[in-house]
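Right after this note come the structures.
Each of the two complexes below includes chain A, the first together with chain B, the second together with chain C.
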Partner chain A sequence: MTNPSAARLRERFAGSVGAAAGADGEGVVHVDAARAHELLAWLRDDPGERYDYLTDVTAVEYRDRERPLEVVYQLRSLPRNADLRVKIDLPKDAELAVDSVVDLWPGANWLEREVWDMFGVRFRGHPDLRRLLMWETYSEGHPLRKDFPLRGRFSRAEQVRRALGGDLTAHYSLEELSIAEAYDALPEDLRRQLAPRPGSPAAGAGPGAGGEGGHRVVELALAAPGRGMPGAPEAEGPGSAATAAGPATPAGPDMKTDHMLINIGPQHPATHGVLRLVVELDGEVVVRVIPHIGYLHSGFEKLGEYRHYNQIIPLTDRTDYLSAPANNVAFALAAERLMGIEITERCKVLRVIACELSRIISHLVWAGTTAIDIGAFTVFLWMFQERERAYNLIEEWTGARLTTSLTRVGGMMADLPDGWTDRLREWCRRFPKTLDEVDRMLLRNGIWLGRTQDVGVMTTAEAIAHSLSGPMLRASGVAFDVRKDLPYLDYDTYDFEVPVGEHGDVYDRYLVRMEEMRQSVRILLQALDRLPDGPLNSADPRVILPPKRRAMSDMESMIHHFKQVMEGVPAPAGEVYFPVENPKGELGTYLVSDGTAKPVRWRIRPPSFLNIAALPKMAEGHLLSDLIAINASVDIVMGEIDR
Partner chain B sequence: MELKRDASSPPSTASTLERAGFVSPNWVTTRLDDLVNWSRANSLWPMAFGTACCAIEFMATAASRFDLARFGMERVAYSPRQADVLICAGRLPFKLAPVIRRVWDQMPQPKWCISMGACASSGGIFDNYAMVQGIDTIVPVDVYVPGCPPRPEGLLYGILLLQKKIKGESVFDPGLRVEQLANDQGLFLEPAAVDELSEPFGNSVHQTRSA
Partner chain C sequence: MSPVTGSAFFWTSVVKILIVFGGILSLVAFWTWVERRGAGWIQNRLGPNRVGPEGLLQPAADGLKNFLKEETLPPFADRFVFLLAPVMAFVPALITFAVVPFASPLPTPWGLVSPAIADLPVGFLYILAISSLGVYGVVLAGWSSNNKYSLLGGLRGSAQLISYEVSMGLSAVAVLVLAGNITMNEIVARQQHSVWFVLPLSVAFLTFLIASFAETNRLPFDLPEAEAELIAGYHTEYSAMKFSMFYIAEYSNMVTASALMVTLFFGGWDIPFTAWDNTPPWTVLKFVATFAAFWLKVVAFLFAYVWVRWTLPRFRFDQLMDLGWKVLLPVALGYVMVIAVAVWGLGAAGVPFGLGYGLILTAVSAVLLGLLLWGLDRNRVIGGSAARQRARWLADAARQRGAA
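For the complex of A and B:
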């Protein structure tokens, strides 16, 4: 089945639209690089298409050197609930460049930078095309290109030398920051937003009113009366100071206030990992914040091209290490769709249990660390106590606390131990009480409310344009949950609600996540009720190893066993994008196979990568302390952001 | 125990040194070592350099169930200048290498380093272009804690081992507290040593074939 949008595209952009392949119900269209931008704009704006949400931008290079490199846009229409994948072929002998779509979807900003960094594809018209994951002076090339060796081009000593020696300032690309111009580069609405901060009642100065020092309105207005500004009404005495400063106070040169540049991270307890924020402050107000990522770039996607499908599962543990079981499930589902494998009923229910349990343990860490950042240490201890209890369950099941490697392609690594379901039931009974206690402690707490309400607001339109997902998107009022809208693992047969916020601020994100934990408990209980007996793994002989007993006694089985372990399981040529609702948001697994046992491309659509990319949008204009709260509310995990 | 003191004879004013005539000269240094090492070992202030998954287990170690404070580590420092143990919990990509080096250089002596987890100790499963193959190519390491991630008990065992090591040190050993500075290339080991430490081992030797 091909996507109907493909037919309409071909009609409208005749000659620029190539083959429309349909892999497993997914619409894929190849389009001409020259008209791609126009075509994508049409897809976004046409009332019949309305692909308003950019899920992902990435690129694929095939092992076959003759094949062109492909830039892939994964689009979604939220109102129509339809997905479309648009591909641009870039022959390798020509210049690798396409038009940027940041003007259509601001969320494309970091995605395109990553493609530039990893593949060397230039995006014409991108506002800030710098490396993202590697550092600016990285000189070995573009790591995800097929001619780039797995271990890099230089010897290890040379790599260490280059990383440590040389001009570290260039390495950190500090030169991008020149304070003087920063304010003037801000968009108009932000400048207006900066001026009337609460506490500076005299911020009536409109654009242009402040003369050369527009952004210094706050200080100028407060300082004005005593200074006898020319043209300002006579205002004597400090009592009238607040009201007297009229609009349009021209700036004197001696009243310049300097902006301050501070650096937070990459080693800082409040950045939740090795995130680095370069913040420009005007007093305490954040004028600009530039997140730097890549400090935990571990080359997951490159490594995946050198591993069999089952060997990738341990890697997925370590991307979003706060919810390893859910990542395992996400990858297994994608690989199974690629190979066309049906999993058993019992396996499905066990995977639902794994997903919901990891949603809870991930949100627990989020709640605990966010509370620490805002000053409530008790919540951290309570949440970690619950997490330890959940760890006990996970450990019983998988043998590991954190890095579970729970699934296999076609099934699970292990079945539940005896009595486990009762222990989970007991935990489900007790756990919501902790949530209630935390709610009681925080929601009646003036400090908590003051620090979270109306802080870091993302409106619905902004959240969609920035490709936010998961609780971040829902807190901004978009009722999109992959479990409901693109159901997998029979989620449509479970009875649960999707909490949606109204204000899109830190407070709503808190409420949404707390409620999600309660809903997860509901799902867990339903899953326990329906857990069927029966086989755990699919019977597909391609992926499931013969039982040990047969492998040791029967020649055929032994050969089969050996080949599967040593050579892996080949997947048919094709590709698949499989989204799941992870605790952080939509985790997409994009797998491309050329028929061998190792994927050509394993792309993770990282939810918190896109969520944190919107941090400047959320934090600019707020106080520095709010920046910490906002950053915490995003729920980032660097392993997934940097991959 | 109550000290009994004879009121007629005043307490001895002879210092330890004066009485050293009938004990070995090493007696003083040994006692001083004991005292200093005892206090150092039991009041370690860790600098938690948490980067990845292992940092979550470090957090669990610090939280209520495992309670790091029992070992004199009540205060987790986030400032290198008030810390004595660098705990690198998690993988260390090349992009982060200058950061940990700088953190280490900022820590005052005496200082020690624990490498927590397979990644910090050897690069772990990430034998690729992005990852430092063991932080001992960047900073000197005292204790390696294996595991991926090590369990909190494992980390605690590593800390106990470090305490044991500290208790065996001598305050007067001039070789112990020397800063191992990096040269202007950023290396504190010979390039050949870095290469040797970073050699692939085990399975990853064979896993460099794509398809």
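For the complex of A and C:
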């Protein structure tokens, strides 16, 4: 079954559309790199298609060296509730470059930067194509390429030496250099370095050509003030971003303003992890904010390519570590769809319980930390007390509080302990009282309203264009919830409401998340009511280990056990994109298999990565205090953003 | 009995200084414990309860820790100013208290001892003058640290303190109009003969209360520190005892501000509903009773500080400025005029100063206060919109279900 859009595409762009395939109702279209931008624009704008939401941009490199590298655009039409995956094949012997779609979807900004960083695919016309997860002067190549060794090319000592040794620019933050006013304050040798050098290899080349040394990047950054807001889509010609504007000239005396540059983070109480925000302040007004991420980058996606499917589950714990059970479920569901495994009814209900419980836990952390960022300390502790109680339940179930590794492909790691459901019921009865109390504390408080209402507004159109998801998207008035619109785990049979905001400000995000917690309680109670007896794990002998007793007594079972553990479970060749509604937003798991026991590509579509990418859009023009409130309202977790 | 004179005056003053400052510092130490235990109480947790009975010795342990910690001196800081700043914050916070009378006069063999350290005839002006100096501690600390966060904190602090100083002074002017005097003892005496000024001057009390929260940098006005934004703001770079001095200054400011509110609006050391304590002959028993009454009131205000801190979120800087300049200042200014006219009218009508006089003004102020709260609230501050929002969602959802 192919997606109907594929046929229309073929009709309209004859010759540029290659193979179209369908897997599990997902449409995949291969298109020609030259006309990809035009084609994507048509898909976005054509009234019959209206793929207005860019879910993800990523790339896939196959283990087979002959196969071309693929750049993957995962599109969604919110009005039609349809998904389409557009792939561009890039032969490896040619230049790895495609046209940027930042002008179509501003949300593609960071996604494309990540692909450039990880795969070395250049996006022509991208306004700010710098490394994202790795540091700007990283010179070992592109980590997710198959020829990149798992351990990296350089030793840690060599990395430090290269990052700092002898390179003056490495001691200054690029944004510091990019403030034109700061030019005069720089040392003489550095100014010489930054001055335009015609004929130098850097002057004529865009990013990607040659090494990723410091100077060229610095020039790019220097050009930034003249380009307006970073992140704003700009229709510049391909490759012109780095060179057209050139380095900014030192400001004249009348340009001298007293903008101040401060680093918020990576160590800062309000950044919720190791996020670094470089903020340019005019007094207290935020003129520019540039988020820097990657301090927690652990290469999970790379690691996943070297692991069996079940071995990846512990990695998912560590992405969004505030909702580990939900991540476990998301990965297991994707792997099961890839392998074509049906899970049991009991397993489905238990997974719903895991998802909703972790949604509540995650939202509790969010509400508490947002409150403390706005100064309401008490709410933080009230929320955390409830969270501890929920974690006690999780601990009883899984043995761990944070890194649960709750699921296995085809089933669960453990069944519920005795009496657990009663304890969950009791918690569900008591816990909403805390929510009500917090509502009374905050929503009748003029200071809280003043601090949250009309702060960090994202309109509906902006939220869609920036690919926000989850509560962030719903607070902006888009009634899209994966549980309702692309149901999994029989969510369509549960009775719950999806709260939708109107204003897209911090206040609405608060309301949406608070209501989601109440709705999650409803789902939990329904799940407890319907929890069926019966087997926990799927009967599929491919993925489910034989019981320990049989493995120890029966030769066949032992061999089976051994082979399954040592060799893993091969998945049929194919690919799957499986979205779930995680607490932070849409967590997509994109798995590509070439028929072996280890995925070719395990891509996490991280919701808070895309949500925080819109921070400059939301925060610029607000006050410093608002920046903190907005950053808190996004609900980020760095483990997921950096992966 | 006549007041003490000569060398007896000197020695009694020394003793008073020792007692008052020792007492304030002990109260400050004690209050850090109360604040943390109070926070624990409000937040459903225990708070420090390990050191000594109920954790009462925690402040001593903290003090010891602060003495033993390393004194850091950032190399990029302006050394002299950096060292001066904690002192600049600390000293005014303590010496402001010098003019506050905290009990009835104490009879001694050498004469009658005045209850304030310095019974200045210009008591209130002294308070305004000295308490304004506290801002230098904040500004200099923020500037000399040579840290951008500290600088922002210092700037916020100076803007905030200066803005609210004005409203604070103006709301106190209403008290002065009514008291007809700026000697603290006289202000107390006038309240003893009429009603506590909190009733006839309720609007002034409200503005004074808000301004004193702002002056002490406490939540919801703790913007100069704002740990979530500025990471302790102006004292980011301070450690050990220098850091501690800022804390002691903050708590001493709280004590002084509470004492001022008690003195100006709550009758000072007056014991309500009896005239026994107001009239000579002064006895030691009266001294003890009024001393206790005064400190009880102060402690009640101090607890309000704790309560508010663990309840409210923080203002934003522009909201803070708006509140100070666009609300508090006009209100305080207008109120001074209203009170001045009322006092003039009452004088012209020949109403004698006393209980009836106070009650008439109380009625006037109650009307104004009602108008003010109604004007400020507009069903936004107290009403909140979440309940309505939730009801609307549920109604919408029900409608959709009905339609489907």
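As a working rule, the second predicted complex is superposed on the first by the 546 of 643 C-alpha atoms of A that agree within 3 Å, B and C clash if a C-alpha of one lies under 4 Å from a C-alpha of the other, contacts with A are read in each partner's own complex, and residues count from 1 in each chain.
In the analysis below, a contact is a pair of C-beta atoms (placed from the backbone, for glycine too) under 8 Å apart; a residue touches a chain by one contact, two chains touch by 3 or more.
Since this is a predicted model, take the numbers as computed values, not measurements.
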Put chain B and chain C onto chain A via the superposition and say whether they clash or fit. fit
Answer with first, second, both or neither: which of chain B and chain C does A:269 touch in the superposed model? both
Kindly classify A:515 by the partners it touches after superposition: chain B alone (first), chain C alone (second), both, or neither? second
Between chain B (first) and chain C (second), which does A:296 come into contact with in this model arrangement: first, second, both, or neither? first
By the touch definition at the top of the document, which applies to A:158: first (chain B), second (chain C), both, or neither? first
Once chain A of both complexes is superposed, is A:306 in touch with chain B (first), chain C (second), both, or neither? first
Quick check for you: in the superposed arrangement, does A:623 touch first (chain B), second (chain C), both or neither? second
Who contacts more of chain A, chain B or chain C? B
Does chain B (first) or chain C (second) touch A:414, or do both, or does neither? neither
When the two structures are overlaid on chain A, which partner does A:525 contact: first (chain B), second (chain C), both, or neither? neither
Figure out whether A:450 sits in contact with chain B (first) or chain C (second), or with both, or with neither. second
How far apart, in Å, are the nearest Cα atoms of chain B and chain C after the overlay? 5
If you lay the two complexes on top of each other, which residues of chain A touch chain B in one and chain C in the other? 268-269, 381, 385
For a test of understanding, state which residues of chain A touch chain C in their complex under the given definition. 260-262, 268-270, 281, 284, 371-378, 381-382, 385, 439, 441-451, 497, 499-500, 511, 514-515, 623-626, 628
Under the touch definition given earlier, write down the residues of chain C that touch chain A in their complex. 39, 42-45, 148-149, 152, 156, 219-220, 222-223, 226-229, 231, 310-319, 380-387, 389-390, 393-394, 397
Can you check the complex and tell me which residues of chain A touch chain B? 63, 133-135, 140, 143, 146, 148-152, 155-166, 168, 171, 266-269, 273-274, 294-299, 302-303, 305-307, 314-315, 317-318, 321-322, 365, 380-381, 384-385, 387-388, 391, 401-403, 594, 596-598, 600, 638-639, 642
Residue positions on chain B within touch of chain A in the complex are 48-53, 55-57, 59-60, 63-65, 78, 90-91, 93-101, 103, 125-133, 137-138, 148-149, 151, 182, 184-187, 191-192, 194-195, 197-198, 200, 207-211
